[in-house]
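Below you'll find the structure I mean.
Naming follows writing order (A, B, C, D and E), and every chain is counted from residue 1.
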Amino acid sequence: MIQLDNICFSHIANDGTSVPTLQNLDMHIRENEFVSIVGPSGCGKTTLLEIILGLTRQDSGNVRINGATQNQTFGWAGYMSQSDTLLPWRTVLRNVQIGPEIKKIPKTEYEPRINKLIQKVGLTGNETRFPSELSGGMKKRVDLIRTLAFNPEVLLLDEPFGALDAQTRENLQQDLLSLWREEKKTIVFITHDLVEAIMMSDRIFLMGSKPAGIKKIFDIQIPRPRQYHVQFEESFIRLHKHIRQTFESLSGNQS
Amino acid sequence: MIQLDNICFSHIANDGTSVPTLQNLDMHIRENEFVSIVGPSGCGKTTLLEIILGLTRQDSGNVRINGATQNQTFGWAGYMSQSDTLLPWRTVLRNVQIGPEIKKIPKTEYEPRINKLIQKVGLTGNETRFPSELSGGMKKRVDLIRTLAFNPEVLLLDEPFGALDAQTRENLQQDLLSLWREEKKTIVFITHDLVEAIMMSDRIFLMGSKPAGIKKIFDIQIPRPRQYHVQFEESFIRLHKHIRQTFESLSGNQS
Amino acid sequence: MTLDQKILWTRISLILFGLGMWEGFCVCGIIDPYFFGQPTSICQDLWSMIIDGSIFFHTWITLFEAMAGFFLGAVFGCVAALILGMSPFWAKVLDPLIMVVYGIPRIALAPLFILWFGLGLASKIVFAFTLVFFLVFFNTFAGLKNMNQGMINTIRVMGAGRRQIMHKVILPGISPWVMAGLKSGMGMSLLGALVGEYIGGNAGLGWMINSAAGLFETNRVFSAIFALALLVMATNAVFNKIERRVLKWRPENINL
Amino acid sequence: MTLDQKILWTRISLILFGLGMWEGFCVCGIIDPYFFGQPTSICQDLWSMIIDGSIFFHTWITLFEAMAGFFLGAVFGCVAALILGMSPFWAKVLDPLIMVVYGIPRIALAPLFILWFGLGLASKIVFAFTLVFFLVFFNTFAGLKNMNQGMINTIRVMGAGRRQIMHKVILPGISPWVMAGLKSGMGMSLLGALVGEYIGGNAGLGWMINSAAGLFETNRVFSAIFALALLVMATNAVFNKIERRVLKWRPENINL
Amino acid sequence: WAGDLKKITCAEAVRGFFFLPLYVAMGQNMFQEQGLDVSINSAQGGPLAMQALLSGQVQFCATGHGQVANMWEQGKSTKIVNQMQDKCTFYLVGRPEIKSIAGLKGKMIGCTKIGAETDGVGRYLAAGAGLDPEKDITMLGVGGMSTMASALQNDRVQAVVSWQPLTHRLIKEGKGTLLARLNTMPDSYTHFDSPSYSFSVIQVTDQFIAQNPETVQQFVNAMVKAEQWIGAASMDDIARTVAPFFAGMDFDTIRQSVIEDSGAFTKTGIVTQKGHDTAVAVFTAAKILKKEVPFEAIVDNTFTKNALGQ
């Protein structure tokens, strides 16, 4: 589905110098797969997503989406970015509606779905608020359902649950998983929470520190659906520790 | 040290309606205490910090800092806000310097401390970058050490470790704890990670959902220094589960 | 008394105080009504023009010219900035040339304006246009440079075309900038229309000021300025209403 | 060829093409040099004024007046906006009055300007000032309304006083707005100085244009405009340099 | 009825008493009688009014004789078809402490702008009083009537070449002394050594004359009728007739201005060789004109003569 071969990319800093970020990165994401990307802060995860999306152009290497070279064509994926990109002049409801609006889907068709999403993330009653009137976690939730409401085949989510309390977070994780299962999506997920990554993914891609490539791929064999308590099982904890150790050994130079 | 009595506060929304956020909130934080505030997303944690700081004025009730009524006097606390408030026109280094600069401390005095902080959070080599050239997690780290470099008696931190990978996060937790111990700070800490809250705090304040007060206070008796492995101990897990359950029972109406 | 009422009354008191001082100084001979006019005489003169209706006619003419120039300037200034915003190369190439055209005194080109647009309304509208255009252009262009790339990207990723991006992100995103440009442009459109009337014409407040000044009728000049002031206040009030609506998503008060 | 060179050459080609068309049309009789001048004659005239040095003198005078008006307007406009930004009540009270003063045609007040500031440089500087002031004021004020409250709070919490907040947060924060205002103001300062010279005096490009226009010397008018164009290009280049330095923290290209 | 009238626009250099016959012709419906529907367009000075004429936006132009000569020199041939004033209605007014033109030695004299007719007249008057216009006085452009007044008031200039109603008001209010008037035959002799000075005129393009001779004739007919009417009417009647053209000015000022200027009213509307020569001489003194301007090049008296029945 998404295939990256030998990607190299350097940021051009404001002072004109070139900062190598990604080096010889290979990655292959299959259709209907749920993969997580983990890596130290600043290693290039966000950059990677933007290259996949075609928002940033790699310096060398190939990005193929469904076999075709990525050529700044959009619309096939939904992207929830790490930073706040809600449109401040649109209310919560109208922010969430933007995806269907762009696809020119009639209102009657998308309305029930959106109302359900809003209710699921606990934002009922805030439909007419502007983003400036929301708390940090509420903004994140709006951003998430904006991406979901757009309803693309592929979801690229950059730390979607970062600012949420444990309970909300787990609920949303479950919601996302059932969406993935029911609607056969391909999901690429960036997170810093290894437990979350293991709980949700088919595979975990581990990135090294900058300039980074994919250092290691973990196949998560735990059968689905995975219940909350699997994280207290022996095998889970072992896997967690293993990934954790690999992580630490790779990014020893960070911090 | 910080005493809140019967605080009530309503936000005035853009459309003029008044949205009750805090209701009859009482809170007492002792000197040199490390307390965490947890609560569902959107319950008013950030609002609470801003009322303590004097940035927002409560509708009724009293805020006392060291016995004196909070009267929009500043300088006694450092505040790391949840949203990105780095000054985009200053480089990393100059952002971190702003605290000492405001206090008019001579450069020679604060320079070593700042260099150490930058090194500790793994930002060495990025001193001359502007915030727009940093990744999400890097920005958070700059923001954190900006607050630390200011070096106030009281630290109010709003989800400081939200966007960081597990390893960096644990390192920084340890750094913060040793700073707290060595320099006798008072720290108020907002987090969504109950494990983190338990690991670090003397007490945990649990807020209910909006309009919220303090619903429950947990005294964490685990002796310090707390090692990484205490979180796998029976008593820790029990406490965690207990808090978790209380949390869930309180915010049942959320999501 | 609500805040709005308080504001209104403070404003009115200030104006009355100003007029009172002016009148007082005239009466005491501290300032010379010869050059400054005298509020009571100005009001008399204004009243006579209200009676015969002529002030309404001239005010209307000027308002019409200014508004037409304003709208044209606003639309074209905005569109030009958006087009140039899309192609940084041409923006850089044309930047000094645009500035040059902006800096040429329109009055030096008055013969050309007359040649092309005559002495009627058209030439005044064009005058106003050439001033408003640049103010809106510069602000809109600066707004584009200040856009949030993240927002654009999010919408682009959803497959939005140029027009959708423009319509759903860029235009609302630069609206605070455009509004600031329009605020400057609004005043300038009046100045442009007035200058146009100066150059030649037989109606409008600018023409009135010009012929009165040419005949040294100070009170008449100030009558026209009074009428203009009311006009400005009215358009300004309308503008503020619109601005508040357009930018209602923005927190109203920043605590500096 | 670097990008900068490409930009420069495209610009020069454009200008030469424009001048070529102009000359060609004159020669073919499609446009009348009486109204439009003719590039070759204009250059001749310009050359004669370069030889006798008079063009430098007049250009310098205008530049001086415009710059003085520009700096005064920039500083006072900025300061006034900051002061009013601090007190929303007075900002609201004064808003329509400020707009009224902005909208009064300066030319109607020319007698007062002369009475107060004479016929020398001062009155021209004041003319330029009264235009620049408002453009900078409106933009700065709009910038304040767009400030990020979070940044101000962070610094305030550290115990920063008003002056420090102003200096460390607000001024850099509104700099993109102020720069946009200054860009409009720069052209307007020239227009102000020129209009001032029109009214009275005996030096400057505006005076030159005015007297040449009175004598139907179209080529001389355009010579002055040419000199003015070069002046604008030079000041614009300087301005762009400064702007790039002030705003170097901002990502240069937004992909719209 | 009005629909049958031919629409005509006449540009005037400025609204002022120089063009009294035009306003009278308007006010007494004399154009309508000739089948014309005339509207007046005031411009910011003669040159702009004449540009409007050249560009075809207006068909007639009320301006100064010398300006027409200057335009001819710049290569655009137009014709004066009627004269409204045959004496100069500029006045030299000094500050109260100045007693004579000779007293202006070393002082500044304000004119509308350097190179304007007022400049030429100022220099001429200074020279006539034995001053060297290049060394003994400084001419300074101070714009229109109101800026002129404030420049004088504020002592930026010590004298101004002004016109009505400013002159009348300055003197009435004690802000100035009259140093010279030029609008009677003796005055004209004193200062210009000529009985007349062709001052304000009606100008049309050669092309318009060729294509619409009858329209020009109709226009001039009305002008001549107005000029004759002025010659016969009382000052009060004249003032009342033109008052609507000076809205906002009190009647007494209008009346007084008419009286002051009355010596300059043309008797026939015909431009004389003497008048032409004097105007050209003044413009040459102001360095506006550099060439000889032949009388026939810019004057066409035939329409006025036709109107007079000569």
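By our rule, a contact is a pair of C-beta atoms (placed from the backbone, for glycine too) under 8 Å apart; a residue touches a chain by one contact, two chains touch by 3 or more.
None of these values were measured; they are calculated from a predicted model.
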item: Common touching chains of chain E and chain C; value: D
item: Chain B and chain A - chains in contact with each; value: C, D
item: D-E or B-C - the one linked by more C-beta pairs in contact; value: D-E
item: Centre-to-centre distance between chain E and chain D (centres being mean Cα positions), rounded to whole Å; value: 38
item: Distance between the centres, which are taken as Cα means, of chain D and chain C, whole angstrom; value: 17
item: CA centroid of chain B to CA centroid of chain D, Å; value: 48
item: Touching two or more other chains - residues of chain C; value: 35, 110-111, 115, 198, 213, 218, 221, 249-251
item: Junction residues of chain E, two or more chains touched; value: 48, 51, 55, 146, 149-150, 153
item: Multi-partner residues of chain B (at least 2 other chains); value: 14, 83-84, 130, 132
item: Pairs of chains in contact (touch as defined earlier), listed by label; value: A-B, A-C, A-D, B-C, B-D, C-D, C-E, D-E
item: Touching residues on chain A, where the partner in the complex is chain D; value: 14
item: Of all residues in chain D, those that touch chain A in their complex; value: 248-249, 251-252
item: For the chain D and chain C complex, residues of the former touching the latter; value: 3, 6-7, 10-11, 14-15, 35-36, 85-86, 88-89, 92-97, 99-100, 102-105, 107-108, 110-112, 115, 134-135, 138-139, 142-147, 149, 152, 165, 170, 176-177, 179-180, 183-184, 186-187, 190-191, 194-195, 198, 206, 209, 213, 218, 221, 224-225, 228-229, 231-233, 236-237, 240, 250-251, 253-256
item: Chain B - residues contacting chain A, complex; value: 11, 13-15, 19, 38-42, 44-46, 82-84, 120-122, 128-130, 132-138, 140-141, 158-159, 162-169, 171-172, 192-194, 244, 247-248, 251, 254-255
item: Of all residues in chain A, those that touch chain C in their complex; value: 50, 53, 55, 74-79, 81, 83-85, 87-90, 98-99, 101-103, 130, 132, 150, 152
